[in-house]
Structure formats: structure tokens, C-alpha cells
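The two complexes that follow have chain A in common; it is paired with chain B in the first and with chain C in the second.
Coming up: the complex of A and B.
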């Protein structure tokens, strides 16, 4: 078990900067998740930590020891890969024990440790099978077994659930979290799936274009996103955004939504006279008596949960630069806002509803820097 | 339904025709070896001799140094196979895994050398081997064959290495393997079908060599290979075709044995199960 530290890490491929000034400190026993859209550099950061990619500059420490120049085998880490990377010519037993064998452990000790790991992961009956005779879930557990049997300082996991079907993914997600809690080993986990990040992590690192956007717990990221990207990326569906002026109404900051006044958090009073980007999560919009009336363009029903779509008033939707949510969210409709409701009411497309944007649930962002204000 | 039945008949017909075409020379070689000399050119042809002359094999072994030719051929084929594979494995791995400056050009250049006709190389090689004192040595054929075989083997193996997920090597490195050990413990066992196919190719090519052996080994009879020995069985005025065919038949047996040994490795799909 150990702390993990990235100090001013950079990684360039020729003139392309994959990672820019990456600084992170992961505490002993933390479950830290790197999350971000495709190409954000999260896997590169993990590979640098593993020693599979060289750093361009900066240092990496594991357990207070500088490992920047050490090879992967000398860093006392274990890794689970996206495609499991099981050795196809070896049995499950040999796959799990391979790392111990490479470290010169006697055969009887290897066998005992492999049996223990297999018991934890319910693989005892499969020890003499080859990987091709296993199901996807079983292969995934063998990959985990290979990692835990070594009792390393840190586990590194590169999207280990992405090849499993939805049901198995949820089940294995819980198994990994329980295993990590039980073993208490510092874990760095990479995923592009925010649900995995939010449900598993004690610390989440949101990345984009090789830069850390925000570090925090799931609650912090959800309630206090540091910029438009994090606000839009975290949450499903993501946060709604609209533009508007900041004005003062009897000394209180307000904006206008389709001409109607919307009260803003008090901290935004200083912005009076400027334009800002406002964000509100779909589950925070209230359907109640209000002067703001909108027509529903689309109703998506998931049983009791419904996602209601309505159009943002003309001139108030985000510009292309403001709405740059990354390659995984290209299809996001910036002309629409969503409301997430859980009730038994039946909504119809074309129906008019009254909305309230609760003052304390509105996030305000600088349209130029995209940073959160207040 | 009708269409699929017709399709099946078509496929079976094609398979039968192919098998007959492939096996007929072997069949003809066998009955020629077993036929008495007076039946060899009879018309209509005899498709199976009434009294097979099994004695032709013992006669061949008694009158010709067949065992010596066989030993020389095996030595050349095995040495060529080992030398060519040793070089090709490392070259193919480097081409497959490392982003070398001009790597693609190097790869194409290696393959281009395979395009040169073997006859073009005979004279320069002869001159070089003469200076080195290798004319008349089995090594002359081993080295020449290897230079011709390595380019193609490199490309064959590169193709196999390209299909092996890099994560397997990464996993081995994290497990504590050195980069070199990773090649031998992980990459090569996983590439076993590719290695077997490549080894078989190298073995067959060097086994069937005549040109280089004839050029470099002609003067030292103790170094003759099977193909040279068989060619020498052809007389100036009279040729015992049954003896030549018996020798050819016996010369084919080792190739069949090598194929049978390597066959289980040739079956692909070993890498399945490495990934999802």
C-alpha cells in the first residue's frame, strides 16, 4: 500500500502534447478514478505510472520512492488491462502465478497464493483451464487475480469493465470496490464512463486534452463543477446551459430566460451588466406555477422517470466554443434543455409546462474562460 | 434449398478435383517406383503394377549412399531453418513493435531482396565462398539459403506478431519479465502457429534446393544432398526411372514427418482467449 504522486508530468509525441503539467497526489488506500472523453490522456497517464510509457518531464513517486526511471517490473504495481491481456498459452493457475514466478518465489508458495486468490475470486474450479475456455466475466476475474496475488503497492486498472455486458458490469463494479476496500490497496482506475467514476471512486480526476480539469469526490464534482466542461460531463443527462445577461432587480442579481426574470445566487451580483453562462441540472428544474412557460418538444419515458425536452429561447443557447464538451459528446443538442422528473404524470409532446429554476441550484460560468463563478 | 444443394455439389467437385490434381503426381511417382522396367512406358498405361517391385527400395539403399545424402540434406535444412528463424524472429519483432524511422521502407527493402532471382546470386556467392574456403562445405548452402529465406520469413512473422495484442507484453513487463524474456515467454509461444508455418517454409525451401547445392558442393561427393544424388541417378544413355522415383519418394518422407510434427502448431486460434 502506498501513496502515488505525479509531479509536473508532461508527455509529448513530437509536437503533440498528450499530457500537460499533470500534478496529482493520491493518498494511501484511495480509489482514484481518471475520467474523461476519448483522447483526454487518462490512459497515457496510467501507462506512465505503470512505466509502460516514458515521461517527457516530471517525476512519479509510488510510496515516496521516485520510480520515474524504473521499468514496469520494478515499480511494485499490478495492472488490469481493458482486454484482460491473459496469456493464452497458460492455464488460469499459471496466468495468476506468473508474476510471482518472475519474482523467483518457490513453486509451493506460488501455488498456495494462487489458490488463495482463486478462492477470493471464485475461480478455484477453473484453475486448470486455459483462458479461451472461460467466459468474459471469468477472464476478467483472472485478470484481477493476477493483480491481487502479487500484493502490490498499487493496482492500476485501464477500463477493466468496458468489455463486459451491462449487467455483468454493474455486478463486477461492486466486486472491484469491495475487493479494494477489503485489501486497502491504493487503486488508480481509468474509465470514460462517468457512472463508474461516480460510483466507485473516493477521488475523481476529470481530464480533458491532457489537462486535469478538476479533482474531487463525486459530490464535489456534481455540486461544485469548476468549469463548463466538468459541469456538462458529470451527470446523466449532463447539465443544461443557457446564456443571459446579469442584471440587478431591487439589488438582487437576476437574469432573463425568454424575457422572464430568473433569480441568481447572490455571489453573482458583482457581474451585473455582463453576460454569463448559466447551468442547471435536469433534475433540479421544478415543474411548478411560474411565469416561465415552455412547450415540450420531446418526452422520453423510462417508466416513472421521464426526460422532457424543451427549446432554449432564441439567442440564449451556447455558442460552439462555449459548448465544446469533447469528442464523446458531439451530438449534444445545445438548442434544447432537459428536465428529469420522477412522477406518475403523463406528459405529451407539445404540452406547455411552467418551470422554476431554483436560485441555489443555478451555476454561473464565465463565457470567456468557462470557469465557474462564485 | 435447391441452390444450396447445387452449391454443395460444386464445392465437393472442386475439392475432389483439387485433391486428385495434388495427389496424382505422388501416385504416379509411387507406381513408377514399383513398376518393372518394361512396364514404365507401356500404352495403355498401367495404373497399378501386377507385381509391385518392392525390392527397388532396398536396391537403392544398397547401391547408393542414400543415408549420407539424407544426412547432409537434413543438416542443411535444419541449420537453415534455425539460422533463418533466429534472424527473422528478431527482425520481425523489431519491425512489428518499434516505431523505427523509415521502418516501412526498411521492411519493403527487405522484401525487395527476395525478388532477386537466385541465379543472380550464385556467382557472387561462389566468389565469396571461394575466398572464405567454404566451397564444398554444407555451410555454403546454409548461408545462401538463409539469405534468401530470411526476408520472406521476416514478413511472415511480422504479420503474426502484428496480430498479438501489445497488452500481453505490457502485462508480462508489469509481471516482472525483461523485454527479452517477454519475447521468449509470451510472444513466441503465442505466435506458435506462425512460427510453425515459417519453420516449415524454411525447411521445405532448403530441402528442395538444387541450384546452390549443385554449384557449391558438386566437387565434394561426401557433401551431396538428396537432390544432387537423385539427379546423379539419371544415366547418360539409360535411366532407371523406377529407381529415381523410389529415391524421390523416400526423399519426400521427411517433409511429411516434419509437417506432421508441426501440424498441431499450424492450427491457428491459440491467441483466442487472450482478450475479451
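Coming up: the complex of A and C.
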């Protein structure tokens, strides 16, 4: 068990900068998740921590020890890979015990430790099978077993759930969290799935283009996103954005949505006379009597939960580049806003609904820097 | 609905007797139908000659003629074969050659495959050079080697003399041991590129994550080679070894051009013996018997190895 620290880490491939000035401190026993769209550098950061990739500059410390120049085997870490990376010719028992064997542990001790790990992961009946005779979930548990049996200072996990089906993913997610809590080992977990990040992490690091966008708990990221990217990336569906002027109405800051006034948080009064980007989460928009009326373009029903799409008034939507949340989110329509409702009402496409944007739920961003204001 | 009905009518078979080969029930029949020409051709050019040589091996034939009246079947050829010193010596020479050529070609092939699997400048060119001996026709390559190994003006003897390794030229055509190893060297030179190409393909199919996992587990370079590379390559190695073994068994050109099976039978393998009996001594019955026994040994080896490695890889 140990702390993990990245100090001014950079990584370049020729002229391409994959990681730019990465600084992070992970406390002992933390479950830290790196999340971001494909190509944001999260896996590269993890591989540098594992010693599988060299750093271009900066230092990495595990448990206060500088490991920047050490090989992966000397860092006292264990890693779980996306495709599990099990040795196909070895039985489950040998797969789990491989790391201990490489460290020269006697056979009987290895066996005892493997049996213990197998008991925790409910793999006892499969110990003498080869990986090909196991299901995806079981293979995943073998990969976890290989990590926990070593009792390392830190677990590194590189998208370990992406090869599982949706149902198994939810189940394994909980298993990993419980296991981590039980063992108390510092864990660095990489995923592109923000649901995984929000549900599992005690600390989330949101990354984009090799840079950290925000570090915080799921609550902090959700309620106080530091910029448009984090606001749009975190949440399912992500935050809605529209552009508008900040004006004063009887001394209170307001903006306009179509022709109608929308009250803004009091702190935005200082911005009067400028333009800003406003954000509101789909679950925060209220369907209630209000002067703002919109026609529904699309109704997506997920049983009790419905996602209602409506068009942003002309000239108020963000451009595609402004609302770029990575290659995983290409199909996002910047012309539309979404409302997430959970009720028994049946909505029809083309139906007109009236909306209210609660004043305290509106986020304000600088249109030039994209940073949150207030 | 109207549209659907029209489509149904259009796709309906025109005649009641036409078999729809795309139907699950008839799919297999279509497969057999497509295979039939190949199977018939194989039977004509492979199975028939085999049966013919088995037939000849049971007859006392000096020169076989197609259409000549059959002689009565006899086991004389096989009796001669198993009692003959030449046959057992040919078996021993072949076995030695298979082990030496197969083993050395595997080691060199694996080493070069590992080398050209690394990332370095000019890798494509290096891969081309490694594969080059394979592309040179066997007879051409052997003639080049025959010149190089010549005891009077060959470059090999010259180099060995200049380096002080030997004090007088090696007589590759007169010394039994030298002739055997000369044949082996040419065979290895000709045979290792196939090993390299096959093993390189095998190496490229090993997932990088297995090496990364082994590194994180603390495995050294040798341990990664032993616990990741070798087991992953085993099926490819097995198949390639079978191919090389069978190639050494049946190779004729290299030995015939280089030593002609000599001196004193030191390089006479089963295939050279088959040729000698049939076309040098014109004892085609006995030659056929050697050929049939060789075929049975090859079939036995490949069956044993194929099933062994096939079960490993799946």
C-alpha cells in the first residue's frame, strides 16, 4: 500500500505530445480513475506508471520511492489488462502464481497464496483449467487474481471491464470496488466510460489531449465542472449548452433563451454586457408552467426514464468544435438540448412543452477560455 | 404487403426439380460437388502412382513398363530390403540428417525470426535477405555451394586455411564426415528461411500484453522468452519441424548434385537409395519397396507430430 505521485510528467512521440505536464498525487488506499475520451493519454500515463513506457521528463514516485528509472518488475505494482493478457498455455493456478514464481517463492507457499486468492475470487473450482475453458468474466477474475496474489503497493487497471457484456460489467464493477475496499490497496484505474469512473472512484482525473482537465470526486465533477469539456463529458447524457448575452433585469442577471428571459445565478451580474456559454444538465430542466415553450423533436423512452430532445433557438447553439467531447461522442447534436425525465407521462414527438431552467442549476462558462465562471 | 407478395413470387424457384443449394438441407451437397474435381484429380495424380508403386514393390521388376503384364506378387523385395545393410545405413543417415538439419535450422530460424521481429532501420531489407536462400532454386544453390566447397579452389577451404583453422584443404567429396556435414550445411542454408518466415508469423501473433504482463510480474528477458515466446510458438515450431523433416526425407537435388550419395554411401538417404535402385541399378521393384517404406515412415512421423501439436494449439 502506497501513495502514487506524478511530478511534471511529459511524454512525447517525436513531435507529438501525448502527455503535457502531468501532476497528480494519489493518497494511500485511494481508488483513482483516469477518465477521458480515446487518445487523451490516460493509458499512456498508466503505462508510464507501470514502467512499460519511458517518460520524456518528470518523475514518478510510488510509496515515496522514485521509480522513474526502474523496470516494471521492480516497482512493486500489479496490472490488469484490457484483454486480460492471461498466458494461454498455463492453467489458472499457474497464471495466478506466475508473478510469485518469478520472484522465486517456494512452490508450496505459491500454492497456498493462489488457493487463498482463488477463494476470494470464487475460482477454486477452475484452478486446473486453462483460460480458454473459462468465460469472459472468469478470465477477468483470473487477471484480478494474478494482481492480488502478489500483494503489491498498487493495482493498475487498464480498462479491465471493456471486454465484458453490459450486465457482467455492472456486476464486476461492484466486485472490484468491494475487493479494493477490502484489500485497501491504492488503485489506479483507466477507463473511457464515465459511468465506471463516477461509480467506482474516490478520486477522478478527467483528461483530454494529454492534459488533466479536473481532479475531484464524482460529486465535485458533477456539481462544479471546471470547464465546458468536463461539464459535457461527465453525466449521461452530458450537460446542455447554449450561448447568450448576460443582461440585467431589475438589477438581477438574466440571459435570453429564444426571446424569453432566463434568470442566472447572482454571481454572474459582473458579466453584464458580455456574451457567455450557459450549461444546464438534462435532469435539472423542469417541465412546468413557464413562458419558454419548445416542440419535442425526438422522444427516447427507456421505460420510466425518457430523454426528450428539443431545438436550441437559432444562433444560440455552440459550434461542433466548441462542443467537442472526444471521438466517443461524435454523434452529439449541438443544435439540440436534452431533458431527462422520470415520470409516467407519455410524450409525443412534435408535442409542445414548457420549460424552466432553475436559476441555481445554471452553469456559466467563458466563451473564449471555456472555463467555468463563478 | 403488395410489395412483399411480389418479392415472394419473384424468388420462387421456377421448376419443381431445381435443387436450392443455398438451403441448409442441400448446402453440404454443393460442397461435395465443388470438391469433386479436385478429389478426382488428386486421386489420379497422387493416389494412382502410390498404388502403382506399391504394386511394383511386390513384383520382381527390373524396368517397369506401363501396360506390361503383371508379374506374380512376391515379398522378395521387402525381404531383400530388411536384410540389406545399405537400407539400414540409409535409414541411419536420413535420421542423422533429419535431427541435425531440423535442429540447427530451428535454432537459426528462431534466432533470425527474433532478430527481424525487432524494430530497427532497414528491417524490411533484412527480412528480404533472410528469405533469399529460400527463393534460390535448389539446384542453382547447390551448384554454387559445390563450387564454394571445392577442395582445390573453393572459397570455404581458402577461408579456413587463411584463418589457420585447418592446415590442409578438406576433401569434401572424399571424406565421409566432411561430405555429410557439407550436405547438412547446404540443407540448413536452404531450409532455415522457411523456419524464419513461419516463426516470424508466429511471433507477430503473440499479443504484446502477454509480454507486458510478464514484465510487470517481474520476468527477466530469458524468463519471458521461456514462459511466453516458446509456448506461444510451440504449435508453429511443431508444424515447421514436420515440414522440414519431410523435406529432408524427400530432398534429392541437394545430395544428388553435391555428393551423389557418396562417398561410400555416407550421404545416401532413403530418397537417394530409391533413385539408385530404380534408375542406376534398374531394380525398380526394390526401388519401389524403399519408396513405399519411406512413405510409411513419413506418414507415421507426420501423423504423430501433427496430432501432438494440433492438440497443443487448440
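Note that in this section the second predicted complex is superposed on the first by the 374 of 374 C-alpha atoms of A that agree within 3 Å, B and C clash if a C-alpha of one lies under 4 Å from a C-alpha of the other, contacts with A are read in each partner's own complex, and residues count from 1 in each chain.
To be clear about the criterion, a contact is a pair of C-beta atoms (placed from the backbone, for glycine too) under 8 Å apart; a residue touches a chain by one contact, two chains touch by 3 or more.
All values reported here derive from a predicted model rather than from experimental measurement.
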| query | If chain A is used to align the two complexes, do chain B and chain C fit next to each other or clash? | reply | clash
| task | Figure out whether A:211 sits in contact with chain B (first) or chain C (second), or with both, or with neither. | result | neither
| query | With the two structures laid over each other on chain A, which partner does A:136 touch: chain B (first), chain C (second), both, or neither? | reply | first
| query | In the superposed model, does chain B or chain C contact more residues of chain A? | reply | B
| query | Between chain B (first) and chain C (second), which does A:73 come into contact with in this model arrangement: first, second, both, or neither? | reply | both
| request: Could you look at A:373 and tell me whether it touches chain B, chain C, both or neither (first, second, both, neither)? | output: neither
| task | Check the residue A:163 against both partner chains and state whether it touches chain B (first), chain C (second), both, or neither. | result | first
| task | Please indicate which partner A:85 is in contact with in the superposed arrangement: first for chain B, second for chain C, both, or neither. | result | both
| chain A positions touched by chain B in one structure and by chain C in the second | 50-52, 71-73, 77-79, 81-83, 85, 87-89, 98-99, 102-103, 146, 150
| Which residues of chain A touch chain B in their complex? | 47, 50-52, 71-73, 77-79, 81-89, 98-99, 102-103, 130-134, 136, 139, 146, 150, 163
| message | Under the stated contact criterion, what part of chain B meets chain A in this complex? | response | 165, 167-168, 170-178, 181, 186, 189-190, 192, 269-276
| request: In the complex, go through chain C and note every residue touching chain A. | output: 207, 209-210, 212-220, 223, 227-228, 231-232, 234, 312
| Residue ranges of chain A touching chain C (in the complex, touch as defined) | 50-52, 71-74, 77-79, 81-83, 85, 87-90, 98-99, 102-103, 146, 150
